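I've put the structures underneath this note.
One chain, subunit A, appears in both complexes that follow, with subunit B as partner in the first and subunit C in the second.
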Partner chain A sequence: MACSFTGIAKNGPNPYSEMFAFKAAMKAAEAEPVWRTSRIIERQRWNPYSFEGGSTCAIAGENFAILASDTRLTQNDINILTRDGEKMHILNDSIVLATTGFYGDVLQLKKVLQSRLHKYRFDYRSDMSVDLCAELLSRNLYYRRFFPYYTGAVLAGIDEHGKGAVFSYDPIGCIERIAYSASGNAEPMIIPFLDCQIGHVTLSDEAEKPPLTLERATSLMKDAFRSAAEREITTGDKIHLIIAEAGKPIVQKFLPLRED
Partner chain B sequence: MGHKAPRLTSTGTTIVAAAYKGGLVMGADSRATAGNIIADKHCEKVHKLTESIYACGAGTAADLDQVTKMLSGNLRLLELNTGRKARVITALRQAKQHLFNYQGYIGAYLLIGGVDPTGPHLYMCSANGTTMAFPYTAQGSGSYAAITILERDFKPDMTKEEAESLVQRALEAGMHGDNASGNSLNLVVIEPTATVFKGPIIPDFCKRPEPNDLEYKFNKGSTKVLKQKAYKYDIVESMDISH
Partner chain C sequence: MSIMSYNGGTVLAMAGEECVCIATDLRFGEQMTTVATDKKKVHKVSDKVYVGLAGFSSDARTMLEKIMFRKNLYELRESRKIRPKVLGEMISNLCYQHRFGSYFTEPLVAGLDPDTHKPYICAMDTIGCIASPRDFVAVGTGQEYLLGVCESYWRENMKADELFEATAQSMLSCLERDAASGWGAVVYTITKDKVNVSTIKARMD
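What follows is the complex of A and B.
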């Protein structure tokens, strides 16, 4: 060692090195005291996100797409903010956006998409197709890779060939075109139900598989939400149903759900 | 990071109680939640301690069951040893000393109430052992909604009917405004002469507004059989379990 116990250097390069080391250690301890455990740090960190609960769901058919959501917005899983919130947004005659998650981000995302769609209409003199909008949404989400829009988006509508389309996203823009999708707090309950009833994943090859008509899809959608509202506390109040059929205007319906 | 303790809780709860002239009404909803999933739609949150002392609980379901079981046992022993009816304050003291011992780690938030020779009493006992006496109060996540009704409509020396309707309306407010409360409610009306338990009462907004559209029935053979194996066995002994 270069320093003696008295702190005076005999032949070391810097007589104050011990003092500097002590100061540095003191500073480090002040910045990150040992009693600030990772748990305390985690608790104290400001969280810019909140979650307003609820669920959305979409089913694509041969010539239709049908979306549903509940209308309850919840604070901290417990407190009801409103019983008629809008989780679904009709972007144009063939595109509907359904979102759960952080409602602030949902509204901002809607705004961004609406303005991009507006500009598209101005530039190209026609409405954007759902496939294009799906890609646009994916890019908008990934653009915020490290400060994401905390939303579980489902985009659905009628594509250029008149077929129903459902696109599912994660918060940072991973996109997938699928036959049916759900997002939100009741997603773990709705997806297995649709897997069974539409995907027929559990059915044997011989079993009867009813075709997915608009009527059946609508009924399945209603039943999914009625059942989810029975067991999931943030899903309830009303079902908001949006039906997009090829060559027809978009139809909206509201049905009652339990309010407790 | 530590893990969250996996506990089936009924933290989300509305429990309400109010005293009236000569008696006490207590009540609770019946929803038990585990996170945002309803674990039990018809759980019993009104616990009987003695013939004329009841406890409504919010918090961890298992803790409430154990604590109230312990209290009712101890109070019964006390009644047998002394040959008198147990007093509400005794139940409260037992509860708070037990809970204080555990420094809040037993998640039981209780409303303890009843009628004894000294009159009707209502107490709140928090998980850390804090206790308070009230003429009327509510606890649980639905207490904010419930207390608004109590604050507006409570008056001293109500009749039994008034008190019962007040508690029911307060509970309904809690069940309506709070996600973690609902499904049905239970009431208990305690008077010096008799104790009447009412429930489950299902308010209109807790009823399912529409039935399912479709019937979900699976015909035989719906599930794919992957493997089959037959076991041969002899019946050595059999027993009738039909009744």
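What follows is the complex of A and C.
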């Protein structure tokens, strides 16, 4: 091989060829180092989702529904983004949406529901009932089956018969009407507690079971969040409490929770 | 599925006033299949010292044999009963000796000091990092479920019967939601006079 423009003897080996080869190898190694396996390269790709942590919980009673969530938003489970981020949204006089997961999707989902409710009000001259809204939410979630809203939604409110209603969802719209529900990072901590206190699953059939009054539900909710905040680092700062009672306006409260 | 949840199983220990409770579920599975329904994960090591081994069952068994060997050697050499704190430390050392090829089991120790009757509970990870809080510890597949309920049910200075109730209710609530544990539970209530063993029925599925 010869190099015509360098003025170096044409019949020897090219003195630059080694350097070119080295440079090329260096470039290749920088682009794809040998220690970066395909799995790691896969992991470093951009992720359209992020998770802001926190938890929500809802309990349905005979004539009331009560929801609670914490108000902490976190980044990477450690950095606190804000201490008063709201995970619950009052959609109308009888429907409240509580969501955890990807906060961007939470806000978008809220916006979608609000605009659909607005249109319903314009078309039918009345507010949507919680049962209808529950179905609407389920369909909206399933509409995005292959690029889901990454949210654990809980929809609660007072239904047409004046009874408390709680609906629980998975990210792609699987829906269930249940007596109590929780979602978010502290879900595995809150749910067994409510199983025991409201579902009475650990009591024998003969045992006396206390009725679920609004006062009892409220204090159970506080207990659940205080014990969850004790162990779960993305849950904390404040309890946001929303109480919907049949025939009464929705009440909101903020209670202190541990801030560390 | 992680090797730690291959067999399933949960162990919980709670401390009270001069008493401790240690509870185990009874399921032994292979991933989604239940293989046996009478597998205790809690073992008696000394009179008032019990050890729970959650995680991969084969490793738990090997670990138990190693623990018994070391504990017997200790008691022979010292000609006295082992204290729970010493046993915890011993198991931690055993775990850390296998730092770069660890046994896939999380040990838990609960017991009373043979002389002072002071309760001692501790849990550790697979490589022996001890956590010894004053209230309760849980290991196994139902750990998260337990920590939530225990936080609500634990009170300071509980007597043996209260402590049993708190432990049993926490365990039952956990078994309700953890599919990898279940088929009833056994609760050992260790007091200075006696050890009470009660088998409780839970969701049998």
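We take it that the second predicted complex is superposed on the first by the 221 of 260 C-alpha atoms of A that agree within 3 Å, B and C clash if a C-alpha of one lies under 4 Å from a C-alpha of the other, contacts with A are read in each partner's own complex, and residues count from 1 in each chain.
Everything below uses one rule, namely that a contact is a pair of C-beta atoms (placed from the backbone, for glycine too) under 8 Å apart; a residue touches a chain by one contact, two chains touch by 3 or more.
None of the values given here were measured: they were computed from a predicted structure.
**Q** Applying the touch criterion given at the start, work out whether A:Ala98 contacts subunit B, subunit C, both or neither, answering first, second, both or neither.
**A** The answer is neither, since A:Ala98 touches no partner chain.
**Q** Kindly classify A:Ile190 by the partners it touches after superposition: subunit B alone (first), subunit C alone (second), both, or neither?
**A** A:Ile190 contacts subunit C only, not subunit B.
**Q** Could you say whether A:Asn79 touches subunit B, subunit C, both of them, or neither, answering first, second, both or neither?
**A** first
**Q** Determine, under the contact definition given at the top, whether A:Glu206 touches first (subunit B), second (subunit C), both, or neither.
**A** first
**Q** For A:Leu137, decide between first (touching subunit B), second (touching subunit C), both and neither.
**A** Neither: A:Leu137 stays clear of subunit B and subunit C.
**Q** Counting only touches as set out at the top, which of subunit B and subunit C does A:Val154 meet: first, second, both, neither?
**A** neither
**Q** Which partner does A:Pro256 reach: the first (subunit B), the second (subunit C), both, or neither?
**A** After superposing on A, A:Pro256 lies in contact with subunit B but is clear of subunit C.
**Q** Which partner does A:Arg231 contact after superposing on A: first (subunit B), second (subunit C), both, neither?
**A** A:Arg231 contacts both subunit B and subunit C.
**Q** In the superposed model, which partner reaches more residues of subunit A, subunit B or subunit C?
**A** Counted on subunit A, the partner with more touching residues turns out to be B.
**Q** Once the structures are superposed on A, label A:Asp223 by its partner contacts, choosing first (subunit B), second (subunit C), both or neither.
**A** So A:Asp223 meets both subunit B and subunit C here.
**Q** Could you list which residues of subunit A make contact with subunit B in one structure and with subunit C in the other?
**A** Residues 202, 223, 227, 230-231, which sit in both footprints.
**Q** Provide the residue numbers of subunit A that touch subunit B in the complex, in ascending order.
**A** Residues of subunit A touching subunit B: 38-39, 42, 53, 74, 77-80, 185, 197, 202-208, 216, 218-220, 222-223, 226-227, 230-234, 236, 255-260.
**Q** Spell out the part of subunit B that touches subunit A in their complex, as residue ranges.
**A** 1-2, 12, 31, 33, 35-38, 41, 141, 175-183, 203, 205-210, 212-214, 216, 218-219, 221-225
**Q** For subunit A, which residues are in contact with subunit C within the complex?
**A** By the definition above, subunit A touches subunit C via 186, 188-193, 195-196, 201-202, 223-224, 227-228, 230-231.
**Q** Which positions of subunit C touch subunit A when the two form their complex?
**A** Listed in rising order, the residues are 144-149, 151-152, 168-169, 172-174, 176-177, 203.
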